[in-house]
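Look at the two complexes coming up: subunit A is in both, with subunit B in one and subunit C in the other.
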Partner chain A sequence: MATQATAFRTCPVTGFRVHLPAQKLVIVNAVAGVLALTVGGILALLIGLTRWQAVHLLPADLYYRFVSMHGMTMLVFWMVFFEVAGLYFGSTVVLNARLVKPAIGWLAFVLMAVGAVLADVVMLVDKDSAIMFTAYVPMQASPLFYLGVILFAVGALVAVGLFFVTIVAAKVEGRHRGSLPLVTYGLVTAAIIAVFTLLGGAMAFIPTFLWSIGLMAQLDPETYRNLFWAFGHPAQQVNLAAMVAVWYTLATLTTGAKPLNEKLSRFAFLLYILFINLGSVHHLLVDPGLSSPMRIFNTSYAMYLAVVASMVHAFSIPSAVEVAQRAKGYKGLFGWLIHAPWKEPGFAALAVSMVMFGFIGGVTGVLQGMMQLNMLAHNTLMIPGHFHATVVAGTTVAFMGLSYYLVPLMTQKKLVGMAWARWQPYIYGFGLLLLISGMWLSGRMGVPRRSWDVFNFGGAPTFGTDAFNAASGTLALLGIGAIIAVIGGGIFVVIMVSTLLFGKKQQG
Partner chain B sequence: MARKEAGHEEKGFEAPGTLVLVLVFLAWFALAFTVAWSSLGRAWPVH
Partner chain C sequence: MSLAPPQRVWWKPLGRTERLWVTLAVLWAVVLFLMMLVWGAVGKQDTPVETYRTTTQQFTAVTDEFVKNYQVGTDKGVPVVAPPPGGDAYLRASRWAWYPVLELKKGQTYRIHLSSTDIQHGFSLPQEVFSLNYQVLPGYIYVVTLTPPEAGEFPVVCNEYCGIASEKVGHHSMVGKIVVKE
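Presenting the complex of A and B:
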């Protein structure tokens, strides 16, 4: 049995003490995440080339299967696998602590992996299970689909529990003193929101599973929608909190930045816990069971308290970078920005992620979340335009940026393809900018989301022909953006896989 | 009133560049809000 001393190694570059069993779990979860990202990215390309009406690549049945798989694989599997890797990193390496029960971590990983593969395979082979990410009742998928989602959620919940126990143990064992470091504090925020989210998912999907195997005679669609949106949008708020924690990390790693007022940053994380999930109600604006005051309050005043939190972070991080840069001697209003480390992949990812998340994702989220505009924008391509700016251009780019430091540290291998890594966030970000613009501009014209054929609607007589011909240019923009973004994403995957397989071994 | 004591040198506002970026963001928000309202209003007119 390994002793406490032999279970750790010390990184000669960073000085971090790395708990070896935690290291293995960080690597397998990150690898599973990148694998999910690869699958989701290939599907994204095929979907993008279908929504580009001039190309219209896939037949209808494959399109709907792939959209269902893409949503679940990217919004849940890629994100949560990577976040679990981040939780283990934040609770052990950052705190100089051990992972309390690595066997529990492996159990969580197996549950998540089996669940993810099961759900994806079912959506791929069973056309009746192509019921989209929302899986709205009364559409009914194969019981195996629901089982896959439940297994994944249970695994994720176990991993989050292990994270909390590890943090408590680190405190009890005296591994760290005082307040948690800001990055770990941000991850705790994400983990708390994740508990709410995963319990919401269980409440939505367990009855649905029982209904699909015939143990429940019926399921009320409105009840399902209420429960689902305790999972569907909060899952993205987990990503948001984790992303902001990564932003602080990248700012520190690449410029030496320290928040001007760390207490304020912590308070902003607290606002996320209290208010951010209330915005989910915007999915239920036309559901008759909810009162108007309840809908308006949650999609306006309460949601804005979480927006204030994002504003705090959006000011805190650039100002910390500015102060750190000025301390290096850069003068003038923007000298600090001009001389920022733009060729450092972590800083490039930070800049792309913050600008695109804030200027596009955040702004469109506030606009489209409020009741009046939501009634016009919902179910148009404006909505995917919003969440590709938040979850992909925001969170995914931030996670990619962190990977350039996390993977070499955890695998003890030199990053392969540093020259490509310098450009990757910009290429990916540019592709996403085109993709998101294409979605937003098409949606602005009323083009619906998810639909396979918006020119002829598969010949449906109601719509006549060429219903959205005016949007052909903006839909082409969407397709071209998808191609460039997938190239950028592909570069990231190649760098990660090459580092893992062929990276030069480093000491420590 | 600003104090000047040993170790408490007055620095002034430390992040003027970020403040300008924040104002740019505010202007962008106002523009996006206006464009969204006006274009959605045209796409879904009330008759």
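Presenting the complex of A and C:
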């Protein structure tokens, strides 16, 4: 233990100098993230078993509340809390630097926590405020809902600001020299995207909040959609850039891989900043009000350049692993791959995350994001099918993988349940594979997302249809996948909580 | 190692395989881009782009007028309306119904004007494989040009969450109908 005066300790395993106040903030943010993941996961099971029409677990009212809460809690709260933990880690521990103003970090944390609890509680207790995380006007939630989202976003913005200041200070104080490590560089791109994401969020939610308390006229619905997705889409790019940074980290931690070509990898991160925000129009492809050239420009020029960036990482990371493995003496076309550390949870998570993100998430994303094909997919279950492959099988799995190293490093405790951790990414990934297939195949038959009853339409519709009965099998697949995925997610949560509570103190 | 600062000079030229890979990725992006243009020119199905502004009062009035002029019957209390072949038809979304029921003729081309008079809804026409989906917003009219290729009864479901009144009535019960006659 370093003395209180310097507030640093040196990690005996990695040799990093760990700034203790930063360490605390990494831990609380990661814990808040895991808490959100737990809440979101319980809701996931309940709504998954409701979409499985043969089970049809929840009543309509609860289903819609829980879908609203699940989307917000997972996509926003889990992801962002964990990312903030990652930002503090990447700007202090990785650079051997200090967190400039820990008090600001705590302020950010409190704002985010209060905002998250407020938004979730409002959706839980007030049926009319459970209008999905997209909150499309003119549907109106209680002002407290918008306030919760705004508080959370302001907190996140403060945290991002602290991250930038910390990096600058590390340079100025000479604690870090030279170019930033690739991982921190990736986090910087994520943070830059986060800034304009959060500004987009402010432009969507602040006027809506003022409208909900009667101080402003209602936003035009198409304008709102535009602004909302100026927030909602880049937010996924934050997740993407952070995930790729985590991929590089995991490849290094588990195989000792070095980036093959720093220039190419860095350039690819740059492409994310420049282009993907423009790609957000792919959420509006079948909206009235956009011209074809505008749609094509955004989906092709802007989106594809970001996709090319992902293709670069998809090449760089596996080849870096290959090079590292060959250096250890594994020969043959696939020898390096066969002898990869498949039983190392970080490598398992890396593999599941890269394969599922790329082959399922990327492919469905590019397809569904084409102007004409979008018309076949919009608002069907194909959409959640796509993004559970990106943000869940991709980002969430990567974050889980990182946690297996981050949490022991930060808490100085030995991971509890290593045997389970080895299997966890595979179980979770397998469940997700079924969930995603069930969603995508049902959506292909036209089954709408966010819909409680696609067989009987509530039992007494004016007109019904049996158009979706053919989806009973694929909806069952969705439900079974949900059960397995939630078990996999549960194992992760149990490992994390047990490590925190009962982990053996490690030297440090 | 990606957690350590890179060596002093890291802007090295790309390797051969890297160059090949990046080139292929860029070419593929170009192919996809061209596909959207080519399909727009030669394909028979495309995202409609004809849209115009309206107000909810105006759209309500226009649909009422349309129903008055062309009503041919009722189905479960909802007017059945047969627009002139090749002409304009109106379909109004509001919590929680599609109004009216449209009766179209196979092989004729119609211009279907879609809008909402309250909040956002989703127009979805499920087919055996895939479905046809458009966002429906109050204040905007979407003109979908459509030529039914076969006769039958087709449901229109709402696939944008639009609230619920009860278990029985709400977003999930918002199903309308289009009838196509020989």
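Methods note: the second predicted complex is superposed on the first by the 490 of 508 C-alpha atoms of A that agree within 3 Å, B and C clash if a C-alpha of one lies under 4 Å from a C-alpha of the other, contacts with A are read in each partner's own complex, and residues count from 1 in each chain.
One rule holds in what follows: contacts are C-beta pairs under 8 Å (C-beta built on N, C-alpha and C of every residue); 3 or more make two chains touch, one makes a residue touch a chain.
Since the model is a prediction, treat every value here as computed from it, not as a measurement.
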Practice problem: Determine, under the contact definition given at the top, whether A:L260 touches first (subunit B), second (subunit C), both, or neither. | Solution: both
Quiz prompt | subunit B versus subunit C as contact partner of A:F359, first or second or both or neither | solution = first
Exercise. Between subunit B and subunit C, point out the one touching more subunit A residues.
Key: C
Exercise. Mind working out whether A:A377 is in touch with subunit B, subunit C, both or neither, as first, second, both or neither?
Key: both
Quiz item: Does subunit B (first) or subunit C (second) touch A:L337, or do both, or does neither?
Solution: first
Exercise. Give one of first, second, both or neither to describe whether A:V323 is in contact with subunit B, with subunit C, with both, or with none.
Key: first
Exercise. Name the contact category of A:I42: first (subunit B only), second (subunit C only), both, or neither.
Key: neither
Quiz item: Taking the superposition as given, does A:D287 touch the first partner, subunit B, the second, subunit C, both, or neither?
Solution: second
Quiz item: When the two structures are overlaid on chain A, which partner does A:V497 contact: first (subunit B), second (subunit C), both, or neither?
Solution: neither
Quiz prompt | Residues of subunit A contacting subunit B in one complex and subunit C in the other | solution = 260, 315, 319, 366, 376-377, 444-446
Quiz prompt | Footprint of subunit C on subunit A - complex, ascending | solution = 59-61, 64, 94, 128, 131-132, 136, 138-139, 176-183, 220-222, 225, 248-249, 251-253, 256-264, 266, 284-292, 295-296, 299-301, 304-305, 307-308, 311-312, 315-316, 319, 366, 370-372, 374-380, 444-454, 457-465, 467-468
Self-check item: Residue ranges of subunit C in contact with subunit A within the complex
Solution: 1-6, 8, 10-12, 14-15, 17-18, 21-22, 25-26, 29, 32-33, 35-37, 39-40, 43, 45-47, 49, 51, 75-78, 97, 101, 118-120, 122, 124-142, 155, 157-164, 166-177
Practice problem: Would you mind writing out the residues of subunit B in touch with subunit A in their complex? | Solution: 14-18, 20-22, 25, 28-29, 32-33, 36-37, 39-41, 43-44
Practice problem: Name, in rising order, each residue of subunit A that touches subunit B in their complex. | Solution: 260, 314-315, 318-319, 322-323, 326, 333-334, 336-337, 358-359, 363-364, 366-368, 373, 376-377, 444-446
